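You will see two complexes here that share subunit A, one where it goes with subunit B and one where it goes with subunit C.
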Partner chain A sequence: MTEFRSVDLVKEFRHLVSERALTGETMVLNMGPQHPSTHGVLRLILELDGEIVVNAIPDIGFLHTGVEKNMEAKTYQKAEVMTDRLDYLNPMGNNLVYSLAVEKLCDLDVPPRAQVLRVILAELTRLNSHLLWLGTTGLDVGAMSVFLYCMREREMLLDIFEMCSGARMMTTYIRPGGLWRDVPVEFEDAVNRFIRLMPRQIDEYEALLTNNPLFLERTKGIGKITNEQCHEYNITGPILRATGEAYDLRKAQPYCGYEQFEFDIPTRNEGDVYARYRVRIEEMRQSVRILEQAMRNIPYGPVRSNNRKFIPPPRSEIGVSMEALIHHFKIWTEGFPVPKGAVYVSVESPRGELGVYMESDGGSKPYRVHYRTPTFANLQILPILTRGHFVADVVAIIASIDIVLGDADR
Partner chain B sequence: MNDALFAVVNHIQQQFLTKLEINREQLSLVVSAEKIIPITKALKETHGFYLRDITAVDYFPQMEPRFHVVYQLCAMRENLRLSLRVPIPGKEPHLASITGVFPGANWYEREVWDMFGIRFDGHPDLRRILMPADWQGHPLRKDYPLGYEEVQFTFNFDEIARRKPKGQM
Partner chain C sequence: MNATLVIEWVVKSLVIILVLTGGFAYTTLYERKVLARMQVRRGPNRAGPLGILQPVADGIKLIFKEELTPHNADKFIFTVAPVITVVPALVITAVVPWGREISLFGRTFTLYLSNVNVAVLYILSVTSISVYGITLAGWSSNNKYATLGGVRATAQMISYELALGCAYIGPILIVGSMSLVDIVEAQAGVWFIFLQPVAFLVYFLASLAEVNRAPFDMPEAEQELTAGYHTEYSGMKFALFFMAEYIKMIAVAMIGVSLFLGGYLGPGIDRFPILGPVYLFIKVAVWLFVIIWVRATLPRIRYDRLMALGWKVMFPLALLSVMITALVLLFVES
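Moving on to the complex of A and B:
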């Protein structure tokens, strides 16, 4: 049998812990990767002085699946299926940014109906992600019941996704050039029912947490970060907005027609766990506001671009047109050639800036795809946020960063 | 296109003599490896740019220099986007670390080291980040084979371990 080399904990992290840890004055404690509060498989090496965290060293990569390498061996349509698996709470956002990058490379137009539906789906996904974040944050600080309420509403969203795409989480519904297919007839009713219900439900969550003295005790003044640090450490999304900067890509560089909708960017100035909680709650309300506007006027028309060089023809055409059959065959077997070039496209995911760097060499497979994922960037500040706090607060801080390890490890 | 961005690019070009590439209305500067710290510093201090992303592309075997390290920068006030491309030859690739300018570059440089084997000189903690610490090779290089992992059982463990792709160190 081959011997497995064990990685010596002290040797690997020796240069990261203080001198006091080597003499045994402070304690080095391993937390995770299998720990219920790490939201997946995050490992932390904590250096503790009694109950106080001196240093926290995040160790990621346990969920690394080599998505970027795999994409290089697949055609553009097939590679998209993997994007859902990155940030599994924001599948539509991952599809969206991938599609935007391919559209930018191919210079594809998206019909107006697809644009509005994309906005609706992106906002529903944002609510989906924030609901799960709220539920798990509640669990992490000891408020059990919030989780149950959040899951109840999230179920409605997953039903809507299933209705559209046939899958509850791994949707691959937003495709380059538009959507996979038009939404079913029940879609509008289901979304309308959801947005009628949602504001009241958000009030309900807030009644459970916002002024709850136990929750305030656990979150106020915990895990503080300043605006300047956010800039230095490449932080985007709700963590940045909780430090008082109203920076949201939906406003800063509108995509998919976000400029037509009226919404505010919620900000808070404290930069602590509680501020991040308030920002996300307010973002949920704003998402509902965008949804209300978008649902009022969904234009009629096709949901996919008509450019037959990139987009497969509809089934009805294949029976009557030889050319359509050829296009169908070519696109689904060898894929479509994408013009040479490199682009970086980014959208606002529930966690921050989700960017994709895509490079094409003129073939039908991407030469290089790189996802700039918000969790990867945001997790870097964990040592700064946790320093000087109790071990129990580490859990609340991890929850407030809203980590998804699939997003960080790719 | 954005005039403010062109003003920044002109200023940087005058100072550092870099080549400008425009691709789908996105601007990128081709920067030589030794200038990366002064350029990022100038962009940060005079124009308010912050780091968004670092990645690399491997052009093996068709192109020399083999690697391009790609930096994405963003000035948040006006939302200006600029990317920097640094070509690096393939033999013992190395590049100055910009963690001194942007502390947030830390993990990104570790990822590029892990995936492409590009060393960052002056990086405070250059370890593998996504792959296991004792992994051989750098997966995102184009000469690193993709997949086809055979399942190892007790009876054929050594046999399969012998012919497993090792990649290039």
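Moving on to the complex of A and C:
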């Protein structure tokens, strides 16, 4: 028979809990890593006084996959495949920031068609992530139908990704120098259908939640944070914008031609769970707005740079050109050498600033890749947000931070 | 006379138990189907045509599941708690009439098990017992989540019981009897939902809290307490809790229908008394539909808010309703 070893949480976390826990006055509760609403494998050590949270200690690392270290052993093409696995709700965004970094190191050009398609794909991914966030938020406060409605629309997005890249989540579609291949002919129709439908669907979600007194009660005044605290903890994304600061990398340092599109940065001043909810909902509407503009004029042309030193030649060339065959062979066997140097590139992911620091020693494998992931930074404020609230609110607060543990643990 | 009467009682009791347990099984299917339709899904459709054998499959699975008792649990209470919860649920409906008298095999049968003159008091006291089961289950499991669920159940009970009790008073005052048979018969002219709309609303909300249904399902709030008081239960013990919840759903629906929606009354009941159970069934099905609908739509309320709602809104409202009813009755009589 198996002997179960009982773990004394209080002893294990003696240095982090308050003195009242040591005397047994407060209860130390282990929440996660296997818990319905810790969104993956977040573990929380909650110190409770009755049902009121005295202290919350996040414990991350259960999804650590060593992506950064692994990348050092892979050529630039191969390393990109791992970026999908970081923030699995934002695969195109991860591909994008990786590609931007490599492009900056190699000084690669990106054709205009690829630029616009990148914007479209990035916004579709943002919608994809926000839909899942909305669904799980609904689920966490007990409104289960919203989840399934969101999944219904997300299905359309996943179909679009599948149509482009062949994979629904792990796309590896945006590559250094452009895209892997051109989008299929059905792509435009599918996206247009989606953006025609989406505003109405967002209205439907809002009808269920935005003015629902029970939802307001669960979210208003819960998990408040000020703008100063956000700066102290390096918080970005919707959480920062919900404290009244209109900071969005798409406007602050435009990439991929975001400056050509007209859109607003939604902000709220309250800084609570409800404000974050409203900001994200409004962001979904703005994403649809960007998509509408982008879909109207997608330029024609190639979707991948023609620089043969970095980009493998198309199949059609290999049969007729000796040089193309050599390039094909070289690039796929040993990779392409990237000039020596270090860059930091960041994009606005659905969760905040997603940055990548990439250092090259001149070889075909990166010397060091470091990700600045928004979830990792945003998760720091969880103890501050939850202090003094009920256990039920902890769940709503976790949902409002919109954590993806793949993003935090890497 | 005595022997036949005893046989009649036994048969009726068996029928009630069987109908309730069968009803429990099919309420789960009903709920899953209705929820699925509201959530753009299909619901269970593999076991039997349209999934009608799904409850059987669920039952077989639960019976054959291994039952685990956690280390350090209080074994006796851990085993008894589900029983304490399920038995009151089964016996509540003994006082609810199913229809008028019918003649069968040359004998006249009454379509209720007993017509006691304190039926409403009986219901109130019996339903209160089952919360002990929940609290004890939470406490005996030696699990922090379960304990929190059990504590929540207690807090919830004290905040809705008073309002629930006051909601019963309106119909009682009008009829002047606590027997549910009398109350139903008094609604032949007009249903009490039209005379007592506030009491009806309070009853509906309080009964949701009573059966731990959304939006008042805090004792088992999945997203917060994993499964609340029945976290550590498995197999048939878990099934008993599940059964108690659904049977109580049916029971509060039957009681509510009897108190406010005219019970078994309906067009043609005078000529065909056998229609009584049919009307009751339809009304209960509609009531259950509303409960499921609420679950599909509303977020869960926080438990401190439920207490505030119970004490600060529902209880005063119910009291006010009782007072107005009493005053109006006095006025009418004089």
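In the analysis below, the second predicted complex is superposed on the first by the 398 of 410 C-alpha atoms of A that agree within 3 Å, B and C clash if a C-alpha of one lies under 4 Å from a C-alpha of the other, contacts with A are read in each partner's own complex, and residues count from 1 in each chain.
In this text, a contact is a pair of C-beta atoms (placed from the backbone, for glycine too) under 8 Å apart; a residue touches a chain by one contact, two chains touch by 3 or more.
This one's a predicted model, so the numbers in the text were calculated from it and none came from an experiment.
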item	value
First, second, both or neither for A:A342, with subunit B first and subunit C second	first
Contact breadth on subunit A, by residue count: subunit C or subunit B	B
Partner chain(s) touched by A:W180 [first = subunit B, second = subunit C, both, neither]	neither
Touching partner for A:E217 - first (subunit B), second (subunit C), both, neither	second
First, second, both or neither for A:A252, with subunit B first and subunit C second	first
Residues of subunit B defined as touching subunit A within the complex	23-24, 26, 28, 50-53, 55, 57-58, 70, 72, 76, 79, 81, 83, 102-107, 111, 115, 125, 127-134, 139-140, 144, 146-147, 154, 157-158, 161
For the subunit C and subunit A complex, residues of the former touching the latter	35, 38-41, 71, 144-145, 148, 152, 214-215, 217-218, 221-226, 295-305
Touching residues on subunit A, where the partner in the complex is subunit C	4, 6, 27, 29-30, 35-37, 51, 138-145, 148-149, 152, 208-209, 212, 214-215, 217-218, 390-395
Subunit A residues touching subunit B - in the complex, by the definition given at the top	1-2, 5, 7, 12, 15-16, 60-61, 64, 66, 68-70, 72-73, 104-105, 107, 231-235, 245, 247, 252-253, 341-344, 346, 353, 355, 357, 359, 367-368, 370, 372, 376-377, 379-380, 409-410
